[in-house]
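To start, the structure itself, in structure tokens.
A, B, C, D and E are the chain letters, set down in written order, and residue numbers restart from 1 in every chain.
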Amino acid sequence: MKEEDVIIRTVIRLIVPFIQIFGLYVIFHGGSGPGGGFQGGVILAASMILYVMAFGVTGGRRKLTEKTNMIMRSTGVLIFSGIGLLAILFGGKYLDYGAVPLPFIHHAAEVRALLIDGGVEVGIGITVMAVMVTIFLEFYPGGTSDD
Amino acid sequence: MIEDLILAKYNYWIYVTLMMIGFYAVIAKKNLVKKVIGLNIFSTAIFLFYISIGDVIGGTEPIYIHGEHVVYVNPIPHVLILTGIVVSVSITAVALALIIKIYEEFGTIEEDQILELQS
Amino acid sequence: MIWSLDIAMLFFLVVAALAAISVKDLLSAVIILSLYSLIMAIVWVELRAVDVAFTEASVGAGITTVLFIFALVRTTGRSED
Amino acid sequence: METIITIKPLLAVLIPLICAVLIIFSSKHPNIRDGWSVAAGVVLFLTVLSMLPDILAGSVIQFTVIEMLPNLPIKFKVDAFGELFGLTSSFLWIFTTFYSIGYMRSLKEHAQTRYFFCFSIAIVGAIGIAFSANLFTLFLFYEVLTVSTYPLVIHNETPEAMSGGRKYLLYLMTAGIFLFFSVAAVYYYTGTTDFAFNGILDGHGIPVVMLKILFITFMIGSAKAAFMPLHSWLPSAMVAPTPVSALLHAVAVVKAGVFTATRVILYVFGVDLMGETGIGLMMAYFVCITIIVASFYAMTHDNLKKRLAYSTVSQLSYIVLGVSMLTPDGITGGMLHIPYHAFMKITLFMCAGAIIVTAKMENISEMKGIGRKMPITMLAFTVGAMGMAGAPPVAGFVSKWFLLLGSVELNQLPILIVLLASALLNVAYFFPVIYTAFFQKPDKELTFGEASPFMLVPLTLTAIGSLILGIWPDAPYLFLELVNVAVQNVTTGGI
Amino acid sequence: MIFDNAPALVVIFPLIAAITVPIIGYYNKRLIPYYVTLVIFCSFIFSISNLRTVMQTGSISYTMGGWEPPFGIEYAIDYLNGFVSIVVIFIIFIVSIYAKKSVEQELPGRTINFYTVFLLLTAGLQGLIVTGDLFNVYVFLEISSIAAYALVSVGKSRDALMASMNYLIIGTVSASFILLGIGYLYMVTGTLNMADLADRLPLAFDERPKVVLAAFAFFLVGFSIKVGLFPLHTWMPDAYSLAPSAVSAMLASTFTKVAAYVMIRVMFTIFKPDFIISTVHAHTILAWLAAIAIIAGSVLAIAQTDFKRMLAYSSVSQIGYIILGVALMNQIAMTGGVIHIMNHGIMKAALFMVAGAIIYKTGIRNINDFKGIGKTMPYTSAAFTLVALSMIGIPPTVGFVSKWYLALGAIEAGMWVFVGVIMLSSLLNIVYFWRVFENMYFYRAEGGKVDEVPLSMLLPILILAALTFLLGVLALYPLKEIMAPMVQIILPG
């Protein structure tokens, strides 16, 4: 381990949580301001990428194993498309979030806002992050995934 | 007249120029990475065009401000271009993955040399 | 919109694009491309497309550049044209 | 006119089709396999025959299978002319099948299953053409016939067989494409393709130029009839085994060609339209060229099968000539020549095949003195050759007589001259064969006898058949009676 | 109830399934092929339900998320895309059965990725078909294109990588052109909904004709590349011939057809026939290009010795048929063009499957080495024979139906040249297919034993071959019930 590695690693160890919090902020802020699931997901992925660059693939894999990554990839999509399907289940049309009956909230517009911010954007964020990390690892020397 | 044609629409002129630069790289460059760079420039130029369509002089950012009546710029092109950027980065990723595989198989990423190596 | 800044940015945009496709060293080309994306993001902020500019800055200048760089690491950095 | 709706025409097409499937499945047992062929032949003939009394009574038998495209059904209709061709093909198919079995077994040919399979499909095509009620169905079976006979033509799979086969295919497929265009054009102008006794195209106000172009494309389309510029596939198809040649020349292919040409002339264009536009006479003169030139070609060939092929080219044009005359006698002669020529030509080909199998000779100049070793074969050959030349009492005399009457009726001296001249030419190219076989001394000792009964019996029977048809043409239930019904249909418009 | 949402489900179902494939694959890899086939079958059922709804109650308009058009994304289904949707999903269904064994052999250990991308492609194609929103067209076009690039690149030969790269570059440029066209239209009309666009376009054309013309030109070029119209076909032969067997079968029979559908949609629903005929005269150019494509594709096919490459060039020529039918601008020819989407899809899928089966069993690609295959693989060869006869246009197969309508349409349009082109191309078809017949059946080869491909590969081939015959015989039903109203909608008069 070289001298500069220590500095880099320490800095990254410090900075990554902040980046991740910023990413989450961007994700949840998507409904009412600039940002949203996609951008937030990219920022989350960036934090992971920074981590991998500093600690190598094995270091990165300790934080985010291949299996978790794959499951995140799938569940993210399942979340946002699943909420869309929920709408169908409750008699609405696909993506018609207003049709989903939630406890305590009865305004269609509010239901929609809540589901988009809390569900769909999160789903997108998870997916984008997982996919970006996957693509990155695909390119990273020595980081090819299983196939 | 000339002001109308050039100054008022300089965004469009720039987008055409950038598009041509990108297109030139895609067609004329032999290096595959250069081609992909060209593709990126090409698509970004089109995005610029889209954003320019939506621009309204004197408009404001399309962020909803409660209770105020303001002129917004058209947000729809922005949404479209968000999608466009995603598509563009996916294409870049696929292309670069291909380039890596090609380099592993052929040992070069120059198109003319690859064509010689092909059977 | 400050049109003089706008013009300057658009001018740099063209310069960056030309430079990106004509530099022989691919790493430089990729860095210039990232610069190009950043300038583009600035132009978009000026055009009041904050969302898009945000995305372009993170994806176009960020992720894409990273991908390019690692692709170059695994292939070769020199181009013949 | 009464229209009877029964499934019989479809049955007639299905029988050989089922037979083909059975042949595939019994490929391991040659006896069973060949049994299927024979059985199918007999059943098919009986089916076709069972329709004869109704047809002679003036009825039409009809059956619609399915409407494939709007107003374009796959439909069968048996009228007198169709029955004429159907009867001829199905009857002679029995003989060719017997003969094929004998031929294939004695030469121990390869790929016999494929051979008999295609043989069955070929008769599907021929019967389908005979019984089709519209141009579309006819086109369908026309293509079936082309595709199914191709493997038969190249059966030997030698390089020259392959190149001959390619030529065969190229000509006939091109013909098919032209026929396709013609059918489409007829459909476009009239909205139907059903044959009518007074012609489909009559009364639709189609410009004469268009009619002429259409007629030409139709005639290119019936290139199976081997008109002169489009004839060269027929001699190159001679690379096929002899039973195939018999099938091609007598039972299916070329007869399908002239049948199509006749259908087009009489049932698509119609007697009236052909007469008014002058296309009929044009066609008559056109085929006269073929009659004469093909006879000269025949003389130049020493190979017996090639000579017979050119003889076919010439004889087919008689049929079209007769029909193009558009007079009752002419049409009678032309139509009558379809079965008569079939009987005589199949005899000739089976004789040639018998000679090839037993004497291993293909060229006429080698056949010195074989008449003494194979008397029955050569006698049958003589009967056939006489018929070709139009000498009584063989069948050919009757049809040619009607043709002569027709030309007189039409008052066309040139056609009369052509008919007479061609009879002479026929003699000129058949006589040397008979002379060589019977009267010349063999160069070396001939050590063979007659061919196997599988081959000998069919050729004897068809020779006798040709004689009967010539001696007693107006016997009840024979071809002349059918032709009379058909001629009455087209000249009166089916009333 | 669930069938009310069928328009969305035809797309969503394979999309979600694509995401879940890795999860299932993580636990049991062997389940994936069955799972994928099942999913596609469900999608097929939804497709059928869509067309049934269209036939019973008229066009469907399905809005996403409850936003009414033109603001929300609309999925609009009428006879045309209901029909294309069924055809495409059916072929994909058949291919998915075929793919199991073929992928096991060609891509060992990569089944998860293959099937994920396979389903993505399915979803993209279905989305392209059902969407009524122009920008969605671009998005789905890119989704399916990316999937296609990825699928082509995994071909066995290393040249497949370069084929995929070229495909990617050309495809991206063409998609960018389409994106530009969409942008221009949006600029003058302010909407992306197809039906809405069609309403506003005449007015927009009066105000800014040049912009509309530019948009049309961009669409024309962009879609011509995606369709593979002759001078812009260069990506096609490499991509189709070097991709894995199942992928060739799928791409050749669905992707270009869907692109052709979108082209028809843009030309006829958005721009309207009048605009094309009287303003831009695009139909003449297209018809001539199509005619050149028909001839040139066939001639180039004759020059090939690689079986799959020959089929790819044959596709170039067959695409010409579809475009010719569209460009002749009358109802009969249009019927021929659209029904050829189905017919060629079925035939090409079957032919590429046959090619794949032969490669699977013997590894032979060169036509001249096919000797004796007629004996060792009798069923595959028989299926090939039937399908090739259909390509040539022998009745009563489907190939005849399309040729019949195209010829009638050309006569109706008074363009005798094109009648001649159709006839000539039939002849050329005979030439290049007959070569294969000859080699398969007629050169006396050493008698091999019957050695057929596994049933899961053979059955799809046989089904498609049977369909070329059955759909030909029973062509009247789709023609009367689907084609006639469809043509009346897209090309009235």
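The rule is short, and it goes like this: a residue touches a chain if its C-beta (ideal position, glycine included) is under 8 Å from a C-beta of that chain, and two chains touch if they have at least 3 such contacts.
This one's a predicted model, so the numbers in the text were calculated from it and none came from an experiment.
Trainee: Find out how few touching-chain steps suffice to connect chain B with chain D.
Mentor: Step count on the best path from chain B to chain D: 2.
Trainee: Which chains does chain D share as contact partners with chain E?
Mentor: none
Trainee: Any idea which chain sits dead centre by C-alpha averages?
Mentor: Here the chain at the core of the arrangement is E.
Trainee: Tally the contacting C-beta pairs at the B-E interface and at the B-C interface, and name the larger one.
Mentor: When the contacts at B-E and B-C are counted, B-C has more.
Trainee: Mind checking the centre-to-centre distance between chain A and chain C? Centres are C-alpha means, answer in whole Å.
Mentor: Centre separation, chain A to chain C: 25 Å.
Trainee: Using mean C-alpha positions as chain centres, tell me how far chain A is from chain E in Å, no decimals.
Mentor: That gives a centre separation of 36 Å.
Trainee: What is the distance in Å between the mean C-alpha positions of chain A and chain D?
Mentor: A distance of 79 Å separates the two centres.
Trainee: Two or more other chains in contact with one residue: find those residues in chain A.
Mentor: Where chain A meets two or more other chains at a single residue, that happens at 34, 38, 135, 139.
Trainee: Quick check: what residues of chain E touch more than one other chain, meaning two or more?
Mentor: Nothing qualifies.
Trainee: Pairs of chains that touch, anyone?
Mentor: Once each pair is checked, the touching ones are A-B, A-C, A-E, B-C, B-E, D-E.
Trainee: Where on chain A does chain C make contact in their complex?
Mentor: Checking each residue of chain A against chain C gives 34-36, 38-39, 42-43, 45-46, 49, 132, 135-136, 139-141.
Trainee: Show which residues of chain E lie in contact with chain D when the two form their complex.
Mentor: Against chain D, chain E makes touches at 389, 392-396, 401, 403-404, 407-408, 411-412, 419, 423, 426-427, 430, 434, 438, 441-444, 472-476, 479-480.
Trainee: In the complex formed with chain B, which residues of chain E make contact?
Mentor: Going through chain E, the ones touching chain B are 135, 138-139, 142, 146, 149-150, 153, 158-159, 161-162, 164-165, 168-169, 172-173, 176, 179-180, 183, 186-187, 192.
Trainee: What part of chain C is in contact with chain A in the complex they form?
Mentor: Those residues of chain C that touch chain A are 50-51, 54-55, 58-59, 62-63, 66-67, 70-71, 73-74.
Trainee: Enumerate the contact residues on chain B facing chain C in the complex.
Mentor: On the chain B side, the touching residues are 10-11, 14, 17-18, 21-22, 24-25, 28-31, 33-34, 36-38, 40-41, 44, 47-48, 51-52, 54-55, 57, 59-63, 73, 77-78, 81-82, 85-86, 88-89, 92-93, 96-97, 99-100, 103, 108-110.
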